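Next up: some structures, all given as structure tokens.
Same chain, two partners: chain A is paired with chain B first, then with chain C.
Now for the complex of A and B:
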């Protein structure tokens, strides 16, 4: 999985590309978790190009959300790919996140 | 004409509306204590297969799970998902057999519950059935396969077992054990109604029978990603595999396998 970060003064975005599974959890935690701080407590995670998330990946996203909430922030999931949207729904994890769509294609 | 739906809307329709006709494709997933992995796998498969636009059904063939696999799947209440519950654990071969024999599709795919072969690979296998093959086996051993995360131990054992299978059984498929195989309905019914192995080596037995009954078998290189947390003990499984090779050979010698194909086609 490719992890690309876009750090602007007003907005922090992480773009993920590929398959987000247990093999990628360590890298995700190392690169993405430090981006949530008391000063920058809102993190956008772009999942438009993620084809699959397994349970370990889901737990990483939940862990990230808990860290953000601990500093009064949040994780915003952006442009979910269809499989990721469905997986978040059937695992009943979607309500834990704010989900933003920048395109109307999937609606 | 079929309305072209967005992938998500196609998925929602599949979830809520029972098929008005027999499925073209049945996907069978054997599941034993898969509470950690089954829902993401169902989500990925349901999204992709619904997007293809053909009527399809999903069959989860439980193998006596003692965790929450059964309740997780049952609670989904998807219109076109069937859950086959087993009273006790008998082995992957037993679960796949029950799933395949319950399948109604013209094509029957069995896929492992860990999504180690991404479902997007299905389309390449289906294309070969269209060219006249009865069975298309996903392969980690064929040229062009992309395998990642497989341990050195598993690679060495796999290579050794492949050599045994090739020389001892005359099976040309280089990877008999990849959990991603597609069958025509006739081939699936003929093979799974006669195969006997309940455990991990049922794939080998099925391919052995296919070879002897003259089915056309193709092998397609697939992308395969090892699923961490697999409960498969490679050394133990390999030892069992070798024992099953002997069992299959003995079954054949004792005349427990048919030597001719059943008449093809079913009563409509």
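Now for the complex of A and C:
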């Protein structure tokens, strides 16, 4: 999986590309989790090009959301790919996140 | 012209039976003498001849210096080669051992003709060979030398009667070797190649030792990991409960030694409780939490004979939530019970999939009504209730089945899973289960499973006779 970050003064965005599974969890935690801080407590995660997520990947997103909530922030999931949308719906995890679509809300 | 040629012939050295010069310098002197004796040569030619002689002498001196340097390099190279051959011939009797280090120190003592050789790690003497009574004094000399030149590979100290070397292999950082001789027999330049060769061999040996030690630690951890995995998996190897009216199939296949998938049953007076779950994550941490989930489920089943699935789930969540929250993990879980008499199923689904109810030949998913356990506390789940009649069945799998990839990286998928349940629902539970595992294996076509695979199938045979 490719992890690309855009750190702007007003917004922090992470773009993920590829399979997000247990093999990628360590890299995700190492790169993405430090981006959530008390000063920058809202993080956008672009999932448009994620082909697959497994339960470990979901737990990483949940862990990230908990970290953001702890500093009064949140993780915003942007442009869910179909596989991601389906798994979030099946597991009832979708309501835990704010989900945005760039067709209506520009990144 | 004639008289000139005659004069030249008369004064030619080879024509005068003069002694053959013994050196280049003597030959030049002879030439200069001959040039000065030639009456036909003008004085200016004699001066030029002296200048030429000086140039030739300079060139000869340069050549002699070069020859000396080459000889010295050749000798040093041969010394180094001999030292390496000597070291290579040492029988270490099993490389990775402290005995091998001691053996090499002893050989270093003999090869360098030293009175003592010390191996130090940081400031501590780890091993020594030679004069035992001098170890402490020698060690202090070595420590001072290391402190004064911490970045140097070799230091000659104590009037050249000691050499203190640092081993430069990465894994042996902080290791030093010190060689000592009596002050009347100091080390000389030609000893250096041998010392370097011994230091190099010691460095390699220490690196082997360290690598061996790490491998032993890793092997110990692997053995303990394997044992822990076997113990973790043992909590779910129970066969499904037997019932006169219920036909139950259950199987779990971890993708590795330890997995996070589980199923668990509890039999009360007229009902069989069940739970099928998947702890997010991989390996031993997930397996350890899985064992906790299984034991909590069993305790919950025993304490909820009153058949309140929602209360049972609330108790389960209370027991597990903090552990899951601390670990940053969650459990997808479907739990409930089925009445042995009526075949009525009551269940709650906390983010688990696939859960399929085949009714009248039509498969439909039993959706989750709340997120997986361990994420949000005190959500009240919705209860799903239905009755198994005829060929109806309840199929509860894990994501390892539907997410199994084929060689082209396509997923088995939920649609294929539902269709398979629908196609096989009239079979006994065990044959439905086998069909699912077989179909997934066939689809995988050798592609390794990336996640655990778990399946529980429940059917109702009708009223017991």
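What we mean here is this: the second predicted complex is superposed on the first by the 103 of 107 C-alpha atoms of A that agree within 3 Å, B and C clash if a C-alpha of one lies under 4 Å from a C-alpha of the other, contacts with A are read in each partner's own complex, and residues count from 1 in each chain.
The rule is simple: contacts are C-beta pairs under 8 Å (C-beta built on N, C-alpha and C of every residue); 3 or more make two chains touch, one makes a residue touch a chain.
Please read these numbers as outputs of a predicted model, since none were measured by experiment.
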Touched partner set for A:54, first chain B, second chain C, both or neither: both
Touched partner set for A:101, first chain B, second chain C, both or neither: neither
Chain B versus chain C as contact partner of A:62, first or second or both or neither: second
Touching partner for A:91 - first (chain B), second (chain C), both, neither: both
First, second, both or neither for A:82, with chain B first and chain C second: first
Common interface positions of chain A, toward chain B and toward chain C: 21-22, 52, 54-56, 58, 86, 90-91
Residue ranges of chain A in contact with chain B within the complex: 19, 21-23, 51-56, 58, 82-83, 85-87, 89-91, 105-107
Chain A-touching residues of chain C, taken from the complex the two chains share: 260, 278, 280-282, 325, 328-330, 332, 350-353, 367-372, 375-376, 399, 403, 411, 414, 450-451
Chain A - residues contacting chain C, complex: 21-22, 52, 54-56, 58-59, 62-63, 66, 86, 90-93, 95-96
Interfacial residue positions of chain B with respect to chain A in the complex: 6-8, 11, 36-37, 39-40, 42-44, 46-48, 51, 76, 115, 118, 120, 148-149, 225-229
